[in-house]
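Heads up, there are several structures right after this.
Both complexes below contain subunit A, partnered by subunit B and then by subunit C.
What follows is the complex of A and B.
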């Protein structure tokens, strides 16, 4: 094993440069977050007198005020409801379709699959107004269910792609054995195929969850009152809601990002695997 | 295998209905209504041919938005993706702490854009923002620059809210790089190739397709960028940081000119198809890679 001491000068320089770069990347990612976190404990006067000083004392005043001023918990609750329902519905519906596409032949199959997967290349922001009209026509505007419908569709192409691949990778002998034993189509799907496709279901689920949790544009267009607005939207009101109470505003930002960071810390391996699942073929 | 027709229909129906409602019908509506004079208060909807497109090509706001969109796509596809690839090329050699670095660098990509936007509104705040505070600390005078609202700095400032956070590109390229057969690299090393040569002559060509894929993703992301701009500058000052989605939203929500908003929508779709085709051609990313 060669140690740092035994490297040539050029290699030493390269080694140092590499870690300077890596440190730069880490700081870029963390510094803004750490600063916001730190500022949420400072008093208003401290924030205004010096933006990068350390807090003189730790108090959670900002947090209690933030929760009083902004209905952040209501938005959080809406986000949880919309995102969890969307994730379950999306994965379930797309697993059904993906299974058919992976296993069975029928007339028009290739065209139908091409159409469904083409939706991956449609820039959805181009369809803001027509999607609103559709949702409005269904009487779902400004309702959580309207957002659930749109979000389920937004993640349709990715989930289809991932799940079809998963079902294709499961050996056919599994189903054939079950059919020999007299299991019907529905039982084969629920009792054999779904449990075996767990990894794909998890990947599609995580992707759908993240996309919904962070979605902003359609939430902005499709909602008009507190009852359906989601957490990302609540952030855009902070500037006006908190006017000059900066401590509370920083606290509110921390409250809004903490759930994502906790979930990422807990499930990072699964999340990283899911994020790469759509892009990489193994 | 055989399947009863009713199961086939039942299993496909939810996805097909979703597709019809949220993709197919709106797509037809966006093209069709761009040829009309549909507004909120108009007495009826009339076919007006290409009038909206003629207005589009005379609209200075449109050119500003198109220019910004294209510049941002270009920056994102080239500089942002390069940053991610460069980091992945360091991390795949598994240096000390590589997993932790990968995870930490990914954090800004996990948080919602609205939150990142709000954070940067504060970072760039003229009074207590990090940037001005740092400049004051380093002794460059009492600066009170409003980075996001100053015409000279608004565009680069908005760009900084997403430019450096290439975690998504990094983990995708890194996952591909880690799946490459170690023995191939070992053979090159035995033959005396330096790390730099291995990266340039072996890794990059092997990663070409996946880099193309991340570029397609980057282009599509930038084409549809809305939240970060909306939260930070809302397209201002003037129209300096407006892109196509923001222009569309403005026409839709303040002018209530639905037909013209959808004309901009058609334009977004066209720019999307054009840039995807271009990237796919140059990187030979085939469809199976998505």
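What follows is the complex of A and C.
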């Protein structure tokens, strides 16, 4: 194996350029996180006067204030419940739908798929009024279940797109072999197809989780009490038209983003694998 | 088959979870009429403790009969957005606080507001709290729809230490003197003004309104007009030109694109000598998370050059039409309580808010807590000209145009005439 000093000059330059580029990517990705983390230790004046300076002292006052000013822990719990249930429900039902779209022919299949996919391009704000009225009519306003229903629906097109591609990439011979061994439709789906679509399920699940975790507008409009409010709303407690507490807000952001980072870190391999899985077909 | 049974357990659990979740029923019932009250006055909002106290007092006074349940809608714009969505669907909360966002007119356009004229005229105590300007702000077509609790008496604050460093002994009496003072401060290496352009440019627009109002009688009449349609007036164009000058020559580098908090920080950090804002900012002068200890002693308050002060009640609370007459009655009781002399006194003592009613005295406790306010109100009482602020009188859609176009005005991409024309065109969309 050749070491760095044995490389030709051009190869050395290429090697260095590659690592400089990678370092640039890492810095770009990490900068916002580090900036938010450092800001949670700065005073309001330090944050507003010089955004990229280091804190003059490390104090956890911001975290104390964050917990005092907004019901962040209650909202955190609500977010965990709503996001988790939405993710499970979304992935479970859409895996079934996506399997049918990927494997079976039926009248109106393409139109139905197109219709479901088209909802990707409808702006969220255009959905506010009809969704608000629907949820009110269902008596699901100000309930976690209302948000679960809305988030499940909002994430439908993306999950369907990912999971359909995933199922299409699984060789048909696997199902045929299972059928030959006597497996029925349900058994083929749950015992053969679902385990093989693990990467797609993880990808759809992670994207649904992140979308739900960060969603703000519907959480604001469809809820009115602390029992159903989610974490993004808690960040609004720290700024108003004539008042602000950025130290506490950045501390709250740190608390809010930790789960997203953990989920992404745990499942990043599956996400990347799944995003390329649809490219290979039988 | 055992394996399949085990695998089926998972989807069955999910289905069960869904059913349990969706079957969850509403909150507990009590004998009292529940008033769900959404408010943005929570979190770091300076009025949050006032609202908390008033709700606690109301619930105690009407225990068993009425009960307010506060719904936090943190963030002023979030509140406005939510109320607009609710107005669009017709499902409105029983009591809405108009604040500085003129929510009364969109609500009236939807015909959801209760006419309070008969109730207020029949209640001498309540009626006595209405000044002439309060009646104007809260009435439409001779009918009273809302009730104010807070007055909006706004001048500007200045840093006495920075003024002294530049050799300035007193706030300017005229606009010519004001701009001479700006030059003097600048020559002394001090940034004269803390300004903003984002989030409807509250501070910059306060200066603009003051310039318009003191230009001539037509300017003052313009400022006293609700929802003007024509901004192509000589007074408005001149004010826009002066604001352009202020943004280019007399403010901090972060003013263009900056929001209120940037301007406030520049003043609180001693980076700028003057800021236009209301008395609610006074609490920040002694908040050591935002400024240095002892800063409050360095701050002076003044009315605007030309003897002008913003003086108008902030559009108050209004009741919306409800199917349940008991809820409507409870809501009227809440509005009366929240705008009573006692409530105004509470807001004054806790927050330093000026009462909307001239009949509410400044208590000794308030005088002790807010000496700067007392000093400012003395000056405000002697001001020659007064009106509501520009943002309170303009159509709500113009606020976005202001935020969008002020940076272009500062950059010279548009002229003051074009700026005014854009506002006029924006206003025309409401007709």
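Points to keep in mind about this one:
One rule holds for everything that comes next: the second predicted complex is superposed on the first by the 171 of 282 C-alpha atoms of A that agree within 3 Å, B and C clash if a C-alpha of one lies under 4 Å from a C-alpha of the other, contacts with A are read in each partner's own complex, and residues count from 1 in each chain.
Keep this in mind: a contact is a pair of C-beta atoms (placed from the backbone, for glycine too) under 8 Å apart; a residue touches a chain by one contact, two chains touch by 3 or more.
These numbers come from a predicted model, not from an experiment.
Within the superposed three-chain model, A:136 lies in touch with subunit C and out of touch with subunit B [touch as defined at top]. Of the two partner chains placed by superposition, subunit B and subunit C are both touched by A:239. In the superposition on chain A, A:175 contacts subunit B only, with no contact to subunit C.
In the superposed model, A:28 lies in contact with subunit B only, and not with subunit C.
In the superposition on chain A, A:224 makes contact with subunit C only, not with subunit B. Judged by the touch definition given at the top, the superposed model places A:148 against subunit C, while subunit B stays out of reach.
Subunit A has more of its residues touched by B than by the other of subunit B and subunit C. In the superposed model, A:43 makes contact with subunit C only, not with subunit B. Once the two complexes are overlaid on chain A, the subunit A residues touched by subunit B in the first and by subunit C in the second are 48, 128-129, 133, 149, 186, 220-221, 233, 236, 238-239, 246. Across the complex, subunit A is touched by residues 1, 3-4, 7-8, 10-12, 14-16, 18-19, 21-27, 29-30, 33, 86-87, 90, 95, 97, 101-108, 110-123, 125, 127-130, 132-134, 137, 164-165, 167-168, 171-172, 175-176, 179, 210, 213-214, 217, 220, 223-224, 226-227, 230-231, 245, 248-249, 252-253, 258, 261-262, 264-266, 268-269, 272-273, 276, 287-290 of subunit B.
On the subunit C side of its complex with subunit A, the touching residues are 3-4, 7-8, 11, 14, 17-18, 21-22, 24, 26, 36, 38, 40, 42-46, 69, 71-76, 78, 81-82, 85-86, 88-89, 91, 100, 199, 202, 260-262, 264-265, 268-269, 271, 277-278, 280-281, 284, 289-291. Subunit A contributes residues 18-19, 21-22, 25-26, 28-33, 35-36, 39, 47-48, 50-52, 93-94, 96-97, 99-100, 103-104, 106, 112, 115-117, 119-131, 133-134, 138, 149-150, 152-154, 156, 160-161, 172, 175-176, 179, 185-186, 210, 213-214, 216-217, 220-221, 231-233, 235-236, 238-239, 246, 249-250, 253, 256-257, 260-261, 264, 268, 271-272, 275-276, 278-282 to its touches with subunit B in the complex.
On the side of subunit A, the complex with subunit C involves touching residues 43-45, 48-49, 61, 69-70, 85, 88-89, 92, 128-129, 132-133, 136, 139-140, 143-145, 148-149, 186-187, 190-191, 220-221, 224-226, 233-234, 236-248.
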